[in-house]
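By letter and in written order, the chains are A, B and C; residue numbering begins at 1 in each of them.
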Amino acid sequence: MKPNLILLIILITSLRIVAQQESVQSDIPHVMIRNLNGQQFNTADITNDGKPMILSFWAIWCKPCLKELDAFNEHYLEWQEETGVRIFAVSIDDSRSTARVAPYVNGKGWEFDVLLDANSDFKRAMNVNLIPHTLLLDGNGKIVSQHTSYFEGAEFEIYEKIKKIAGLN
Amino acid sequence: MKRFFLTLSILISIVLLSCDKIEEPYKNTGQSGGETEVTTRKVLLEDYTGHTCVNCPAAAKLAGELKDLYGDRLIIIAVHAGHFALPSGPPFDLDLRSDVGNEWNSIFGIQGYPSGMINRTSPGGQYIQSVGNWATRVSDIIDDPTMADLKISTSYHQESRRLDISLETTFKVPVTGKPKIQLVITEDNILGAQHNNNSTIGETPIIYDFVHKHVLRAAVNGNLGEDLYPEQGNVNVGTTYEHDYSITLDPDWVADNISAVAFIYNASDYEIYQVEEKHIMD
Amino acid sequence: MPSILFYVVLTAQNPIDNARINGSFQIDAQFYQPDEGIGITDSVIAGRKVGINGYGNIIYSQGNFSGGIRYEAYLGPIAGFDAQHEGNGIANLWASYQTSMIEITAGNFYEQFGNGLILRAYEEWALGYDNSLNGMRIVFRPISGLTIKGVYGTQRFYWQKFERNNRGIVRGLDAEFDLNELISPLQSSGTRVQLGASAVSKYQRDADPIFNLPENVGAFAGRLNITKGKFSLMTEYSHKINDPSILNNFIYKDGHAVLSSLSYSERGFGVILQLKRVDNMYYKSDRGTTSNALDISFIPPINRTHSYSLTGKYPYATQPNGEMGMQFQLNYRLPRGSKLGGQYGTNIAINFSQVNDIKRNPINDTTEINQDGTLGYKSGFFDMSDHIFFRDFNVEIDKRFSTKWKAVIQYMNLYYDIATIEGKTGYEPVKANIALADITWRMTSRKSIRLELQSLFTSQDKGDWAAAMLEYTIAPRWFFTISDQYNYGNPDKDSQNHYYTASLGYTREATRLALTFGRQAEGVVCVGGVCRVVPASSGIMFTLTTNF
């Protein structure tokens, strides 16, 4: 019985530890993608010091995606000041167009973080079907809301939700 | 750190070593094996094709090379069916399609051309074999033991163009289920235009005097043949089943180029037990 | 004892609470009706009045463990999908354990080495393309800046189960070094350098009575990425040993592919030049297949992917047997307040790409070029043929006039060798000019109207086309569109058809429902390097997608 008891204690403690570690587990799976410099980037690093985040999947050939990101960029400074929101734009362009993403983004002067998911590994892990697909995350990385497709003006509702997450409303 | 690089270089060299650099000659030609018995296992290659299909001449060439290799042991039927076989205006006026070919084409769901079947076997559930795998598939089964003997005798009356055909089937091993027997007519050496994109075979994009070989013309006993015997139950090993047919040849067909092709197959999964071919003028 | 354990599991609920399940579903359905006008008769439909493709994907994760399952059903596949899709069942099943140092996956997985020139397993739902590997993968990150990947498995071929010898086995290794991470003095350097090397080998047995075939075919690649300030250089070279297959007419020549790009960008200005050479680089795990499946390598087409219906009518597809191409793009933003830039600035994009065949020289006087069972041909690294496969010059101007109005105009000049790209041997190359305008009027903050007008002029293939589309959207949920494509220049008077459609869609959160009524013109749909011919159809199309 003694070894069994020890086993039990170990089990309970280990479960506790797991439980404690996971109480702040975010909804973002850990996937290795790349940043605009081509360096590996762990999606676990999609964080924002407890402030809300927008995670948007896009590609250079997707017109509504570009419109959405342009709209975000137009308001980004203002949104950041008010809510501290951080935007991550994940490009799912594959090797036919990955090389064009960085010049495009720089040319546009987008201020937010752009990541490259060239084989859609992160997209698959997040179960994203169609782009544009935008997720709103709270400061712990929990998904609060998500939305597929973009129409002119949809950014206003997104921002209303961000304000709610930031506790401004 | 060093250890990692060592492991890495070992791993890389393993992959590097698993490479086969082939030296000449790359290709075998000429007859292989030859006939060891009077009756041997024979294999049916069905080539689904069409005259506006650009990749089809290469498939026909490969089928011909296999025929050179295996001689009488390999029997070819060229089935002209589907979109690429439609008569589509000069120079593609020929209509080499047939009722029986159209039905086979739809039963086996063939949409890509060229493609084919080898004895209608379905390794991994796949009846349709792409051209690149024909040779391998044929060599896989051609040396299997013979399951049945099949004899064709014909007599042709030139004036009436009437062709009488008798088939004699004797199973050598027991099989489950009641087999079917099918008899079809093929015509060789029909001249016509053919789209082509392989310059090592002929002109591109059109070969105007292409020789269409082994063209399926008609079924004699129905598009799916008929039962080998009327009674219930499995086949009797050693019993000879006889069938007599006759058909009047179409005036467009050149009798000198006509062959009768017969095969016995498993009614439930279409797999062919034995196939035989006889040129009617022999 | 077991009862105590059970109790522990029950009470220690936190870990269970922290387990996460996410998933997605999609259904694409088409209801076909005969439409004599565009040549769809009852016999074309052949009783198959409905095509439905659908999938469900579930991922379970808890701590370092994750696992997933994917179900697919094509009953029957919608028009344009290979008939071999027909079927239903579990397409993917996998489990994975991951720490910061090691990651092990068993089951079905996707992977890409470098740019994918010698290995890329991926999935493209819209095209029905899936060459996932079924096997195991290990990713090892022993130290910061070094990643080693090892994979082995067999590739998906529709629903056909792998059995001994019915197709090949793939195994591969990849190592990537991030020099800035590996070498500490470089950590703060403004120059970022990554090096990578990979090796892949496939095994397929040789039982061919005619050809003496290699059973193990290796391919190797090396890559280099340098970023320094506003400059970026990316290059990858790959080499493959003798790999006779049905697609290269059983020649024994080695193959190679090179992909390079150089870019410079700063705020408001970006320019990129890409170069590519491909020679005998089909690499499939079944040398006999001609299907659009079982590719181990992925040779990306580098021309611009067009998003409008007429500019995208003639999309290029890579010719792995040989091509040489270049692509140049310039993006410039005329600043706000400048004379041409106007109050809101104006974006200009100029893009040019051209792809030619490679030049093939005979190996000797007696052997024809590309003769099967020989080394095929000789082609030096700079040997380019003057046979043009594809050329695209396009200019796009994107301007906002006020908070309510903006417009995109685009001009495109196209040369498209339809005989090579679509296999329509004997057809003349298509030379086309295309112009379009895309105007958006934002009526209120949530409602807007968009009008697309396009025109394509050509005297080849099906002649001239005009297209118009009107879209009304109420953000963030509703859209309504009506559109027409009119093939008024078709040389065959009876085929001068209108392809009109009406659609509506509703989106709420991650659920999207779209319905389209009308006709679809025959076309080529390409995503990520693979193209699929979509036949003309008429009827109702329905798409439902959701995820959680």
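Note that a residue touches a chain if its C-beta (ideal position, glycine included) is under 8 Å from a C-beta of that chain, and two chains touch if they have at least 3 such contacts.
What you see is a predicted model; the values in this text were computed from it and never measured.
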{"item": "Per Cα centroids, the chain farthest from chain A", "value": "B"}
{"item": "Chains most often in contact, by C-beta pairs", "value": "A-C"}
{"item": "Length of the line joining the C-alpha centres of chain B and chain C, rounded to whole Å", "value": "37"}
{"item": "Chain A and chain C, separation of their C-alpha mean positions in angstrom", "value": "23"}
{"item": "Chain A-chain B separation of Cα centroids, rounded to whole Å", "value": "57"}
{"item": "Partner chain B, residues of chain C touching it in the complex", "value": "82-83, 142-143, 146, 148, 150, 159-163, 166, 171-173, 175, 197, 199-201, 203, 206-218, 220, 241-242, 244-247, 249-250, 252, 286-291, 368-374, 419, 423, 425-426"}
{"item": "Complex contacts: residues of chain A adjacent to chain C", "value": "4, 8, 11-12, 15-16, 18-23, 25, 27, 29-30, 32, 37-40, 60-63, 94-100, 102-109, 118-121, 124-130, 133, 145-154, 156-158"}
{"item": "In the complex, chain B residues that touch chain C", "value": "1, 4, 8, 11-12, 15-16, 18-22, 25-29, 32, 54-55, 58, 62, 65-66, 69-70, 109, 111-112, 123-126, 129-136, 138-140, 195-200, 204-206"}
{"item": "Parts of chain C lying in touch with chain A, wherever the complex brings them together", "value": "1, 4-5, 8, 12, 14-15, 18, 20, 22-24, 26, 57, 59, 61-63, 66, 98, 110-112, 115-116, 120, 122-123, 125, 139, 147, 176, 178, 180-181, 192, 194, 225, 227, 230, 232, 234, 259, 261, 263-272, 274, 298, 300-302, 305-307, 329, 331-333, 347, 440, 442, 444-448, 450, 473-476, 478-479, 505, 507, 509-512, 528-529, 545-548"}
